[in-house]
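For reference, chains read A, B, C, D and E in written order, and residue numbers begin at 1 within each chain.
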Amino acid sequence: MSQQTLTGTASTPRVREILAGYAGENPGVLTNLARLLNHGTLAGTGRMVILPVDQGVEHGPARSFGMNAAGYDPDYHFQLAVDAGCNGYAAPLGFLEAGAAKYAGEVPLILKVNNNNSLFSDKNPISVQTSSIHDALRLGCAGIGYTIYPGSAHAGVMYEQLRELTEEAKAVGLAVVVWSYPRGEQISKEGETSMDVIAYAAQIAAQMGAHVIKVKLPSARLEQEAARKVYEAEGIKIDTLADRVRHVVQSAFNGKRIVIFSGGGKAGDAQLFEQIQAIRDGGGFGSIIGRNSFQRPHDDAVAMLHKIMEIYR
Amino acid sequence: MSQQTLTGTASTPRVREILAGYAGENPGVLTNLARLLNHGTLAGTGRMVILPVDQGVEHGPARSFGMNAAGYDPDYHFQLAVDAGCNGYAAPLGFLEAGAAKYAGEVPLILKVNNNNSLFSDKNPISVQTSSIHDALRLGCAGIGYTIYPGSAHAGVMYEQLRELTEEAKAVGLAVVVWSYPRGEQISKEGETSMDVIAYAAQIAAQMGAHVIKVKLPSARLEQEAARKVYEAEGIKIDTLADRVRHVVQSAFNGKRIVIFSGGGKAGDAQLFEQIQAIRDGGGFGSIIGRNSFQRPHDDAVAMLHKIMEIYR
Amino acid sequence: MSQQTLTGTASTPRVREILAGYAGENPGVLTNLARLLNHGTLAGTGRMVILPVDQGVEHGPARSFGMNAAGYDPDYHFQLAVDAGCNGYAAPLGFLEAGAAKYAGEVPLILKVNNNNSLFSDKNPISVQTSSIHDALRLGCAGIGYTIYPGSAHAGVMYEQLRELTEEAKAVGLAVVVWSYPRGEQISKEGETSMDVIAYAAQIAAQMGAHVIKVKLPSARLEQEAARKVYEAEGIKIDTLADRVRHVVQSAFNGKRIVIFSGGGKAGDAQLFEQIQAIRDGGGFGSIIGRNSFQRPHDDAVAMLHKIMEIYR
Amino acid sequence: MSQQTLTGTASTPRVREILAGYAGENPGVLTNLARLLNHGTLAGTGRMVILPVDQGVEHGPARSFGMNAAGYDPDYHFQLAVDAGCNGYAAPLGFLEAGAAKYAGEVPLILKVNNNNSLFSDKNPISVQTSSIHDALRLGCAGIGYTIYPGSAHAGVMYEQLRELTEEAKAVGLAVVVWSYPRGEQISKEGETSMDVIAYAAQIAAQMGAHVIKVKLPSARLEQEAARKVYEAEGIKIDTLADRVRHVVQSAFNGKRIVIFSGGGKAGDAQLFEQIQAIRDGGGFGSIIGRNSFQRPHDDAVAMLHKIMEIYR
Amino acid sequence: MSQQTLTGTASTPRVREILAGYAGENPGVLTNLARLLNHGTLAGTGRMVILPVDQGVEHGPARSFGMNAAGYDPDYHFQLAVDAGCNGYAAPLGFLEAGAAKYAGEVPLILKVNNNNSLFSDKNPISVQTSSIHDALRLGCAGIGYTIYPGSAHAGVMYEQLRELTEEAKAVGLAVVVWSYPRGEQISKEGETSMDVIAYAAQIAAQMGAHVIKVKLPSARLEQEAARKVYEAEGIKIDTLADRVRHVVQSAFNGKRIVIFSGGGKAGDAQLFEQIQAIRDGGGFGSIIGRNSFQRPHDDAVAMLHKIMEIYR
């Protein structure tokens, strides 16, 4: 099932165009962004599909891997990322440590350096640091991943930690991927995926210096009154999902930052593929699809990911 | 639309007079203050117009850029600052990183090293650090910007962070620009722009070691009883806006610290230009005008900024 | 009473298989894991029995040693570990310092680097650092031990400290043993040993980079609603203790991390031996038995431990 | 002329076999070795052709680039390495800095961290450090290159510096490539490429912890009397060039370290291709070909390198 | 006599083209290079005239300032650089400390961080560090200057020190200017300015990571036999001074590094202006003229420098 080994040399014009948005970063950062953009089935297209597996920590092992028990094994996810031709694989320290030597060089890695879990929950969540920049280097990663919860009363703690890690990461040439998930006591449940709030979350991550930004797909809802007025007054187009994706990408430096979207719920593949088409049509850079990938059997997952990549291609 | 490239050599007597107020700072700090004072249309006049664009973080992208969508693009603001001949451009990490290489040397940069956002609000606000002195150096900035909220129950956290950053910035020759915005549970909404409170905010920033102080234009209102008694007993003149500007400048070391004023609301250009005249007549050092600049079309913005600069000239 | 001194040379296939799960760790870590796996009565079997004695700090001396006063003496526990042929002996700084010279090289040591005590208790407990990586090196230890309380409101503090210690320990080749004890205001008393919660605790420790994970034996109870649904939907087998052990081992990277279980309550040796059989049958890697060992007379303890080792063999 | 962008996923069995020789190195080192082995025309074959361009410093610009003036331009060599599908490109700081951003991710880079020049020569040569591990990270390199002169009276200085750099490089996951060139007052000119001396140089580099070793092709001559006796007594086969290559590879840990050979003199391509066949037949891992590549016109160079890669394939 | 204060905004296409050769450096470095390129009479032309005054240390005060005693005063040289509209002023620590506050922002400064003096001379000279990167920052400098003596038996000491300073300077955004003066026991007096040796010196500086390279104007002589063969075989054109300048620029990364030439001997202004024309015609980036400037009366010096700038314009 595994792909043949091939080799990349020159970047495509589209990849060079994307990298031009990061002029001023050192060549190490550019190289690691290129490693992600030039790897796997979507290499060179400027689109990405990344496999993230941090659910073991976030939701516990049974809720994560019970429906496809092969996923308890750390090797499984490396192999899945390789077999599906993903651009990268993101996971916490333990999962990467367990397979990074065996799969060295077969898929770019993103070390998820902070994590939250469900044994304690707070309406103002916080995610704590569980690994380091040095860990990312010794594991051969192309970048680090970090979650912020804009809107949490504790967001400041995460912002300051992200700031330090970002400075350190960039100095050694690592890419910085930020999961930006708005949550907190002043944001309603529906607000977490509202158009204005998702666009805001993307903007915050971009202004913090993120190279790659992960957000959820936004609904057409508007959460904040002050924002609603502007959306209505300016006639900002947010009717279709593609419109909304376009607005998120615009909100992340007008397309100069890579924005990828999480893989959606369990509504079925037809809806998932429609979402992918909307991301593509709205100028999104790709998807980061965890549960929808590793919670189904390997061959189904590879087939689904290939279908997604065909849409993006 | 872009200005011809010219070149500065000797400072004017007015610039030298202003710099004399900072004798004792190292030549690096003086040089960076001079970079701000000797750049752009107002070079050498001792007046400044700075373009600040931190609203993307503070208010979200649509509320900031929805009315002039060109502003979603980080390049836009660099170009606007260049085209208008501003003395400097201030923004958070992400915006500066995105354009600092392309626009290297074309406008002095101020890295806004702390930020607040509107996804969580508190009557005792706090702004958290999002970038560093080292970031300011690697981006080629002339200075850093930092917001304090005098009156917030959390002001102490910001004061201590500002203290550390100021010490570090001065050691490496960077100018320190402080946004001093009084807010907190013991200050009424009107109090935030009351004469006594604004003067107090300017004094606090000056005493913290700020080189450049940004405050809002004060109203004639007096918030604090203890202060009102003195204003009345001493007959401190605060009737006209120019009077009040003069009192703020006096409150910031009697003119020995550069005080600049934010650009006012959306009341229309006539009122704006009147305010600029008052700032000029009251001995203010200039303006820092964000939304009023980048929320209108580029050519309108340049025309408005040139008009302002003509007034200051 | 002491066992014959034997000597290890080649590791057994089973030990090599276990170490293969840690490929990517440096040879120092592998060597220290091998020191634990290749020592004592169970050397080479891939099973471990470790003697932990941190109860003096955790519960006070009388509650710990009153029932077998020989245990007040630090030498006693070294001698017990040697006499019983344990794979290792784990204790806080003071106990190890008191005997490490005298018993140098006779049993692999694990320095318990954080501790909690009963003079202050909180439903959200925290365990504080009481010794260091350097202490572990100067005492000749094979590894460090660290307790986390997943579910505690203070868990983040422990996670971040563990992260730092783990990075430091691995760099100098020490093994990291994590005691993962779920506790906190959102977990019921029964929840602390519920199947889902124990599996979750094992997963968290593994994802944090632990080499060896200690958890309590789980009951068949399920604590979290979201988890219960999956256990039921997927028909995860948790009826017998062996089933549950198997699920915990699966939850710790599918057998690629050493998971050992604490020694159970005081219900009597018959029940204890049944538990050991279940651990063995479920694929657990062994036991860590404190109070059940040192709170009975020396010879009884040795006999009991030998019985356990026979079961594991 | 530039290759199409393709993408690597799974490593081949041969690459995995080679990487197995480096078990114990961290996954970062393995990943960077894999980046070299899995890139370019020879990706996955276990063979390498690397383009080195340090002659500008070593011999001066005219002697290096006069015969193909395009080579004065740093971009030229990046483009040549890309067009020829080389596994990597090695150069000093200046050359890499000048093109690493433009060619980010298009060819694995090796930063040559020490250099010698011809404005001062000594029969006991020394090469001095001209860049750092941090430079290698910020430039996105896969590894560093370092020259030792075994036999020089100053070799100890280089050994100690290499030791420090190697320790630092491995900690951050960089591969270490050692140019091992025997020279010094006690080695005759012919001795520098004598069989025993070259084998010795390979052994020293391997024992110093090099991951990849570059030596010159050995002649059948034996330099040291003490060595000659053994070669003759044991009948070590060194008649053909393939025999000698085999003996060098044997001398570098029996094939467990990657040994590559420099590209030979200017004797003509027929002889060069014969040498490549001998390297291939003797189990050498490949070639590092500088002057023979960049001192001829671009298209000739690409054609010659492709021919070499065909032989290795 | 002092110039009017003017102000630069947008860089010219030529300046942007030059800066493009430094892509990969951080925006701080680009900004400081732009400060030099965009200042003074030649602002925006891509040419530079820099005033260097390190002769006080190098040759002693009387030999430096005796012929124009105004030059004993540190203020004199700042004022001269301002009056003449130089792009920058370079001097050792003391001279810069003495005037940097007074002339803050009036001319970009280059701190000459190493120096040699004439109270001890050696045919293998060495220049020792006399100030630091931190000094450069606290004095508000745009860059540092460093002298190497390629060919000196002690060159390695300077190369390693330059390496460290360069890494540190680039991290904080300072430009690095290298004085590359070949000298040493194996180089004849005429060899120090021979074509091959000067080109080699420029190459070494470029490969060490210099942003701006200062060399002497080369003669048509060839020093090294090995080089002569190539010059003759390849017919490298070095007949006229313009040819030779062109070859030096080519040798410094084919025009991608700024190369400036020292101001020649005392042969008279006619010859000097001819040399400037040759530098211009050969594509040199400008001049660095010390003794020829400050050893004549102020007004003569300004007139001469203006004449030079007219030629470059």
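Note that a residue touches a chain if its C-beta (ideal position, glycine included) is under 8 Å from a C-beta of that chain, and two chains touch if they have at least 3 such contacts.
Note that this is a predicted model, so its numbers are computed, not measured.
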Quiz item: Using direct touches as single steps, what is the fewest number of steps from chain A over to chain D?
Solution: 1
Quiz item: Centre-to-centre on C-alpha atoms, which chain is most distant from chain C?
Solution: E
Practice problem: Can you grab the rotation angle between chain B and chain C? Superpose on CA, round to the nearest 5°. | Solution: 140
Self-check item: Remotest chain, chain A as reference, centres from CA atoms
Solution: E
Quiz prompt | Separation of mean Cα positions, chain E and chain C [Å, integer] | solution = 67
Exercise. Starting from the mean Cα coordinates of chain C and chain D, work out the distance between those two points in Å.
Key: 48
Practice problem: Please work out the Cα centroid separation of chain A and chain B, and write it as a whole number of Å. | Solution: 36
Quiz item: Using the touch rule from the top of the page, what residues of chain D touch 2 or more other chains?
Solution: 23, 26-27, 97, 100-101, 134, 139, 171
Quiz item: So what shape is it, when you link every pair of chains that touch: line, ring, star, complete or other?
Solution: other
Exercise. Any two chains that touch count here, so list every such pair.
Key: A-B, A-C, A-D, A-E, B-E, C-D, D-E
Exercise. Would you pull the chain D residues touching chain E in the complex into a rising list?
Key: 56-57, 59-63, 66-67, 69, 72-74, 92-95, 97-102, 115, 117-121, 126, 128-132, 134-135, 139
Quiz prompt | Touch list for chain D against partner chain C, complex | solution = 23-24, 26-27, 171
Quiz item: Can you list the chain B residues touching chain E in their complex?
Solution: 2-12, 15, 19, 23, 26-35, 37-41, 43-44, 82-83, 85, 96-97, 100-101, 104-107, 109, 134, 137-141, 171-173
Exercise. Note which residues of chain C are touching chain A in the complex, please.
Key: 21, 23-25, 150-153, 155-156, 159-160, 163, 167, 182, 184-187, 196-197, 199-204, 206-210, 224, 226-227, 230-231, 233-234, 236, 247, 250-251, 253-254, 256-257
